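All chains are identified by letter, namely A, B, C, D, E and F, in their written order; residue positions are counted from 1 within each chain.
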Amino acid sequence: MTRIDGRRADQLRPVKITSDYTKFAEGCVLMEMGETRVLCTASVEEKVPLHVKSGGWITAEYSMLPRANRERTARDISKLKLSPRSAEIQRLIGRALRSAADLELLGPRQIIVDCDVLQGDGGTRTASVTGGFLALVLACRRLVAEGKLAKLPIRTFVAGVSSGIVNGEALLDLCYEEDSRAEVDFNCVMTSEGNLIELQATGEGRPFTPAEQEKLLRLAGAGIRELNAIQKSITGDLI
Amino acid sequence: MTRIDGRRADQLRPVKITSDYTKFAEGCVLMEMGETRVLCTASVEEKVPLHVKSGGWITAEYSMLPRANRERTARDISKLKLSPRSAEIQRLIGRALRSAADLELLGPRQIIVDCDVLQGDGGTRTASVTGGFLALVLACRRLVAEGKLAKLPIRTFVAGVSSGIVNGEALLDLCYEEDSRAEVDFNCVMTSEGNLIELQATGEGRPFTPAEQEKLLRLAGAGIRELNAIQKSITGDLI
Amino acid sequence: MTRIDGRRADQLRPVKITSDYTKFAEGCVLMEMGETRVLCTASVEEKVPLHVKSGGWITAEYSMLPRANRERTARDISKLKLSPRSAEIQRLIGRALRSAADLELLGPRQIIVDCDVLQGDGGTRTASVTGGFLALVLACRRLVAEGKLAKLPIRTFVAGVSSGIVNGEALLDLCYEEDSRAEVDFNCVMTSEGNLIELQATGEGRPFTPAEQEKLLRLAGAGIRELNAIQKSITGDLI
Amino acid sequence: MTRIDGRRADQLRPVKITSDYTKFAEGCVLMEMGETRVLCTASVEEKVPLHVKSGGWITAEYSMLPRANRERTARDISKLKLSPRSAEIQRLIGRALRSAADLELLGPRQIIVDCDVLQGDGGTRTASVTGGFLALVLACRRLVAEGKLAKLPIRTFVAGVSSGIVNGEALLDLCYEEDSRAEVDFNCVMTSEGNLIELQATGEGRPFTPAEQEKLLRLAGAGIRELNAIQKSITGDLI
Amino acid sequence: MTRIDGRRADQLRPVKITSDYTKFAEGCVLMEMGETRVLCTASVEEKVPLHVKSGGWITAEYSMLPRANRERTARDISKLKLSPRSAEIQRLIGRALRSAADLELLGPRQIIVDCDVLQGDGGTRTASVTGGFLALVLACRRLVAEGKLAKLPIRTFVAGVSSGIVNGEALLDLCYEEDSRAEVDFNCVMTSEGNLIELQATGEGRPFTPAEQEKLLRLAGAGIRELNAIQKSITGDLI
Amino acid sequence: MTRIDGRRADQLRPVKITSDYTKFAEGCVLMEMGETRVLCTASVEEKVPLHVKSGGWITAEYSMLPRANRERTARDISKLKLSPRSAEIQRLIGRALRSAADLELLGPRQIIVDCDVLQGDGGTRTASVTGGFLALVLACRRLVAEGKLAKLPIRTFVAGVSSGIVNGEALLDLCYEEDSRAEVDFNCVMTSEGNLIELQATGEGRPFTPAEQEKLLRLAGAGIRELNAIQKSITGDLI
């Protein structure tokens, strides 16, 4: 069976990563997976939120431009509320990035990773994790280069990918067309050691079996290994 | 190794379910798992949201009373924003309950399931799913009794439970004390057929292995079977 | 003439007070008057609002759960504004409780009394005063027990009750059914010495005479004496 | 004992009422009691709120200009919430005006009475009732003049005044200086027949006795009779 | 060609300025240009906003009362957002007033100029600048009188006026009737030396030529000279 | 005198326009002037706002990504208010685009032009007008191509540019570095016939003379002619 865009079931969409797409942020990449395009910037602030008692903090914000999608969506500010979907996603990104970092080593500063979706064609949350991780590393590199940090406060590569079951078949890295017809929706964040950081699986149209879940996890794991390699080609080793 | 409250690793906290704890809602249960206490009400509205083109809809709202926790938290309204954590949780509850239902059969009406945490001691989101499901069934039963529905638009029992890894050990149904020290946090919603509806796993302090994930899933599965049995003791068969 | 629920005109509904209904708040009672059920918690904060220049402060918040009533009401947060009715009521509760206390003696701390209506069947604001007062005393008792206060900073018992004119007859402690048909609505807060702290009377459908007002006040006064006795059975003397 | 401004205990401040102070509203008066100055406008809308099933509706909004007081207060919009005090007051004004009117006779239209305090020197809520009533009558007169109403849908004159106990003495129509030192604060709305529409009494610094309450009511009653006479000099008879 | 109200093309409406219309603000004028009536108050705060690193600050807020216009407009707070038009106008007023002042000389304090439109008949933004300037000067005079400032921190007189093209003719100081039919809308703020501080020109129905723009500027310049003279008659010299 | 980036006083920054940078909007250009980068999308909605009684409508929204600037700015939604600067700018863009269009010809539909600043280096509001105009034309072309419109409802090319006085010298198209030191800030929108649509001039640090204003206008006019030519190279003639 061929997919809409001709890919194999276990094939990622073309990945394109542009470092320093904008110039002001301490770290910035434009992350593209197929037609999905997310601008990820990392901003360093030399202070931490109140709830942080020791070390530093990493947080994320996620938003879609009004016309990133097929239909225009009103801006959050015109509805005076953060989209619940965005709230959920930015919590996921933040947790994933903090898991990759050594917050003690980061010291008393906060890094805010903004993930703004310029164009959304499925998989924006996992693309945000993968690209946001790179923006974070670039910002930390700059802190090291400026002598503010002795070494990179990053423990491991972290990337995310979606998978799902469409027409009974397990597919990697769903595009919007596939995603909208998926029976099971699977989002996964892993380290380059093959360990899990976050796993979210939802039966959209029907419940799913543990066996299906395992299959989707294997598929995602392979995809993430590929993404880790691409990440490494940009940042080099994490030392 | 004994747990804080003397339970075995695979043991649920005492479950207590009080039907019709309040009298106005079409369906209501007070759901207690150990010290966690959630008031779940289901309200029927004879109209559907704009985005629903055919059949009915089920949605959920989740909130904690200001002093449900060890520290008082300010009300959402005093900060003028829905807590992002609540936003995430109520989306989960809504998805889980819709998965259990036959929305076409429900007809052009909406059921709103409110889950208000009176006291929170860990596992409030999964207790909300388990209790919210019961409130939903009770409300639907009433629709059947009133002749508004020919049969119960519910396909299967649905319940949720948490599990997690604490001090290296996989434990079922974490209380707050355990939850706050958990290395891996696992929330799972399943049907009485043993299939998955929702699975959320997070490495809080460290990444986790696929093997650990499997173990937590088995633990949760057993817990959910127990909860399904308790649910059934309250609602009888779903026919 | 008999009332809907068989009571005499000057008879309170059954009063049930459950101390420590939840376990985290410094003071907590579940206050029930007939079918009206209000969860009152008192939370101690070791700081005062900016406007307090000397001594301590007591404030109140009041809210109804969405399905506390016959019809579901949307949460404040989904409308992004505090219900004006709630705003009015919580100001009343706060004033009443401050009147009962010696704020200088309380010292530089704030006590927030949350009154959350689990079920509303008339008289929720006065039940909130009566129950909130108890939560406040319990919280202060704990401060004394912990050695943070030398003596209870409470001057007098304070309770509230509604009365009203229904079908031309003055009735004590209206339930919702009566309240919705009342011509005159009377809410009164008094001390155990029989003095007034707050009095709010409204002609709903028609103006009322000073003589009617006097009659309603006498009725309320008797009801409050009964409530003070019940309060005392829970807290003992205020010393 | 003389008062700050030389008045007798039972003496109103000078009352000045300017009709049509602004020209666009269907009804408008600038209401002055001493230094308190409230601009009251009545706006007619040819539709009613959703909750009104039959007849018309009257509602009120109350606000203080930022520098109406000794200290500047931030605008509601800059805090994104309606001042709770304003919320409470505008509910009172609305109830009082509706009590004076025959809503059936008003027909399917709404009159919004805006009370904006240009300068506040005590008694703004009762001045708003007294002045808002006049704006309402003027707007209704215009509806009659335009042939939209057969007769004035107003049943009786309605006015409000404050009284209070200062240094142990009962005083009528407190100015700010007196109000800020008052032990008991009493606000009263009555009809020209001497009946009560609204009564709010608060012990600010101490509880008060029923005898004191009676005294304050008598004082207010006499003040309101004077205000009714002034109102009548402006509107003529209500026919 | 005669104008609606009989004025010549280059004639201002009657200007009436009432100082100290309210008594609490440090500076206050009621500014009237024809039927446009703006209450301008200047409030002194002995602190500056965070972004001000040296010297003082002047800011403005602008709002229309709900019934200042032909149609009632809902209050900002009921829509939970500052009217974009008000946002734009208050930025203009603030810039204009800061241009007139010596912020270093003002010292570490902020002056907030509130411009509340009681009645709007065209030209409210420029009337706010002209009147707001006077309120500012009066407040500064008081600071000098109280010995808080050695000299008036005001460099020059500043006033604003509108002009526009209506039916092809350039007119000064448009009233609402003219403004609503204007092809070009021109708002201008100048100093008494004839220099420009702010200029905003908009082609409402059609583009306009540089020659037209020049003509409108000349017209406005002459109007502002007249306004400066009136300002000076109130404040005397700025020394 | 040379400018920071080596340009002549009357020289535009390099202009780069990428059509269809994103694929979902009916019209889209990425507009770059030097380092300023604005994503402009035009979305067609087959309905009009309530206030539009005949023909169509065009409106604009403007926003900066959080890290478009040297410092990160918080998102509007986290402050719950639209930035007043954005409010002002999007009103300008909307007016300018409506001036260019024949709204009757557009028919009963609305076009929303979103201008999201990816990177801001001065002149974002005028770049938004210039780019937004192109997005608008592209969207209208599509309506023509789809047979929904008989002809392009655009009357003329419209573009905007900034100019200003820096160190006493009049410069065209200020970059941020220049803008932040400008004594006079001048923003201008003109048609390809050389007529004015919008003109906003502000003396930031000092008043300015009519002669200076004229000079800045000439400078802007020349810049806009260049921009019109570039626009035309993308859209061809407006027929």
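Here, contacts are C-beta pairs under 8 Å (C-beta built on N, C-alpha and C of every residue); 3 or more make two chains touch, one makes a residue touch a chain.
Keep in mind that what you see is a predicted model, and the values were worked out from it rather than measured.
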Third chains touching both subunit F and subunit B: A
Centroid spacing, where centroids are CA-atom means, of subunit A and subunit C in whole angstrom: 50
Rounded Å distance between subunit D and subunit E, as computed from the means of their C-alpha atoms: 33
Approximate Å spacing (C-alpha centroids) for the pair subunit E, subunit F: 28
Where subunit C and subunit F are represented by their mean Cα positions, the distance between them in whole Å: 59
Where subunit A touches two or more other chains at once, by residue number: 80-82
Order of the ring members, counted from subunit A so that subunit B is second: A, B, C, D, E, F
Parts of subunit F lying in touch with subunit E, wherever the complex brings them together: 81-82, 84-85, 87-88, 90-91, 95, 99, 156, 190-191, 193-203, 206-210, 213-214, 217, 221
For the subunit E and subunit D complex, residues of the former touching the latter: 22-25, 28, 35, 37, 39, 41, 43, 45, 61, 63, 65-70, 72, 75-78, 80-82, 112, 114, 116, 118-119
